[in-house]
Amino acid sequence: MGKDVRASKKSLSIIGGRLIDPFNGRDEEVDIHIAGGVILALGAPPLGFEAEHTISAQGLIVCPGFIDLSARLGEPGFEQKGSIASETAAAAKGGVTHLCCPPDSFPVVDSPAVVRLILDRTTQSGQCLVSPIGALTQGLAGEQLSEMAALKEAGCVAVSNAWQPVKNNQVLRRCMEYAATFDFTLFVNAQDASLAAGGCAHEGAVATRLGLAPIPEAAETIAVVTHLLLAEQTGIRLHFSQISSRTSAKLIAEAQLRGLAVTADVAAHQLLLSEENIDHYSSLSHCLPPLRSQADRQGLREAIAAGVVQAICSDHRPHENAAKSRPFAETEPGISSLETILPLSLRLVEEGLLDLPAMVRRLTVGPAEVLGLKSQGLMDGESADLLVFDPEKRWRVDENTLISAGKNTPFLGESMKGAVLATIRKGALVYQA
Amino acid sequence: MPLWSLLKVGLLHSRQLGRSKGNKMQELPDVSPLMDKMTEDLKQLLVSRAVQNPVMVGIHTGGAWVAERLHESLGLAEPLGTLDIAFYRDDYDQRGLQPQVRPSSLPFSIDGRHVILVDDVIMSGRTIRAAFNELFDYGRPASITLVTLLSVNGRELPIQPDVCGHELIIQAGERVKLAGPQPLALKQVKVNS
Amino acid sequence: MSTIADQQLQLNSKGQLRHFLNISGLERALLTEILDTADSFVSVGEQAVKKVPLLRGKVVANLFFEASTRTRTTFELAAKRLSADVLNINISTSATSKGESLKDMLQNLEAMACDMFVVRHAQSGAPHFIAEHVCPSIAIINAGDGRHAHPTQAMLDMYTIRRHKGQFEGLNVAIVGDVLHSRVARSEIKALNTLGVNEVRVVAPKTLLPIDVESLGVKVFHTMREGLAGADVVIMLRLQRERMQTALLPSEHEFYQRYGLSRESLRYAEPDALVMHPGPINRGVEIESEVADGAQSVILKQVNYGIAVRMAVLSMAMSGQMAEKNTLQVNR
């Protein structure tokens, strides 16, 4: 598969598309010419340039490749759920050219060897750039510091304890100080273990009626406050991964106003679904963090619009059928979401929450800033990572159209508006509809 | 079955054949004279069978009304028993339970007794079949004598009354019901199949 | 949305019961039909011949993933009185530790031609899962799932109330105790509201009430004096020992002082109020012995009615499944 990627590195022209590049504030109809893995020119082709392959982008949008701050790949350790090959192919279809995978694989990403394993597998068969997030503690057990210097050197872009608790606040503080030493950003899945213990659904009317063990909003907000205050003391850059409540968004906004280096992202489905979606024990809507109330969803949408939350991610979690074919509380949480991140984000544009350039921003510039990437966007000489999409094209989500090994999405059977027509990574066509 | 009653049944059938041509809405007979006739026929039958000390069981609802009258006119010593066959019907899978159930009440033991089973109308024969099953769950009778006020065409099972007040031919989609309890009167109704 | 889905799952195309999973989604008329059917079965229980042949030749499997002698025994009795063949499937934790999934286990049982599963499970929604995704053509009866529902218990409590109070209109019903963990309470609240009582109340400390409990259709009280004032029926819930260990209550003593049903606290209610308890009772913890055995108590009768109500549910659900199969065959 890798060979194919390299082979399809023909020179390329994309003609007649509307280029939206929030890295440069560009939003205009302009042609793009690509060769040798980089952008050759915008507008008129360079003298003597003839593209081996032309993509007609009339009426379509061209933008930088999406950067997804959280997508699980199955590999290593959970190959029944997916592989780097299958899930990065799904990413390419979703328009994602760069994704971060959380450290809770098996083995955990707490040693350079595992990082190298992931990077090697990506080189062999991956269809997008994969940046591993390193484990904050050894084995994610929450007690001992991981070898963060080595992890940084091996190529981790951040550290996180995923959804595993840290033993206590003393240990957490020390983890932050150590991570700050190596200029790591701490990615936080904010959850207080004791308040969330045993829960599987948002603590509210729906969980009460269904008799499901609840995860109260306080489980997230208390963890947010704890991390904010400790970050203030230790000086570490914080990024809250996939917040779910309106109160968390408010707390983060206040901290940002105080000048704290804190960012946040939200999973696309959290902006469109809510606790009602788990009604009737629908396990396809069982996720972590849980889908909360409509008021929370509204609060998250407002935060996205205001830029308090600057990134939309997929929080992609592919699962095999058996993982979802059980009584609700026994199912594994997570949605297969790489391929729906574009149409779901477009719904926000349709509903008037964001305009199209702002939406693209949340999927590109926003995450790039969180990762501290020195990206210049789509300019001459820059790596050609971009996609072409049709915001009006309808397609149906079903087991055949999804490339991911995981078909676990509550949107199965639904008609989506917005489809990627081509994805280019380092100048190579990694996906074409 | 004694020979004379076989003859009687045979005669009845031939009379029916004779009648069936060109008969539309028939006049429904009055119940009272039928009851008198049945009482006499039943007395004769019991004598001929040498049945002593029978007990009587009426099938809810119409059969119980008829049985009350017969029970009194025969002067039976033991109290009247009643059966509700709702739980013994054979169409439970199709129609489900009809919850208007009155409890069966048999204030005597069935074992070794001669039972006079009474119903208002016999048509397909399935109600009587269900009543037989229910009776046998209570015990083993020495014999069962079947008495119906009315016998209507449409048998689906080979069950015939020993004593019958009146024979009737009806068209498809028609039913005859006994209205009561006071006064008792036969009524013809149209039903959807 | 959920009510419609519940309805579609539990009813066949003619609106007859075919799975009995929860009270939600069932209309008043259907609940009343269950009670009326139970009436006829109560009289069967009083006769010399206690059996009827309605489920003859049908196989009813008891799948009790949570141990329960009482409930399982009443279901077994109910099925046998309907002349069904009863299988008690022995599900120990070792079955699941062998790795067989719930789905696989049930599909194997289905292949053995069972007609009905009576399921008790620790997970809320397990019977739903089975009815919707595993065995839709086998009648599924919920004998209690997690904290979600215990609909047959609710119906037998409704039967008890109707039998002793005559009707539901105008009644004030107080449910006292650990509502948070009680699936019985949830089903009862739904049934009482559907059957049209005047007011349903819950009486408990905040730690024993779920979030948004009002959304279930109840008025909340934290004292017996207020909660029982004007109550025509008092339903006491069982308090489990472990609630003391998980910081929900300080002690049984304090619970009994504040929320126990004693002769004194019973006086807050109407003088002819019914005293009910789904059982098993903890004497001296939720309820004073004298009250449990007293004149207003119908606790033992609840047990009696339980068989008749379960016979009603079993026969209605089996009949609904059969009718649906016949409809499908006819339409072929």
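Chains here go by letter, A, B and C, matching the order in which they are written, and residues are numbered from 1 within each.
Note that contacts are C-beta pairs under 8 Å (C-beta built on N, C-alpha and C of every residue); 3 or more make two chains touch, one makes a residue touch a chain.
Keep in mind that this is a model prediction, so the values were computed, not measured.
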Task: Most distant chain from chain B by Cα centroid - done: A
Open item on the list: Of the chains shown, whose Cα centre falls closest to the middle of all protein Cα atoms?
Closed with: C
TODO: Using mean C-alpha positions as chain centres, tell me how far chain A is from chain C in Å, no decimals.
DONE: 45
TODO: Find the geometric centre of each of chain A and chain B from their Cα atoms only, then give the gap between the two centres in Å, rounded to an integer.
DONE: 79
Open item on the list: Quick check: what residues of chain B touch more than one other chain, meaning two or more?
Closed with: none
Task: Of chain C, residues touching chain A in the complex - done: 1-2, 5-6, 24, 101-103, 121, 123-126, 128-129, 133, 145-149, 183, 186, 210-213, 215-216
Task: Residues of chain A touching chain C in the complex - done: 203-205, 207-214, 216, 276, 279-281, 322, 325-330
Task: chain B-facing residues of chain C, complex - done: 16, 33, 36-37, 39-40, 43-44, 46-49, 51-54, 315-316, 319-320, 322-323, 326
Task: Contacting residues of chain B [partner chain C, same complex] - done: 86-88, 92-97, 99-101, 103-104, 106, 133, 137-138
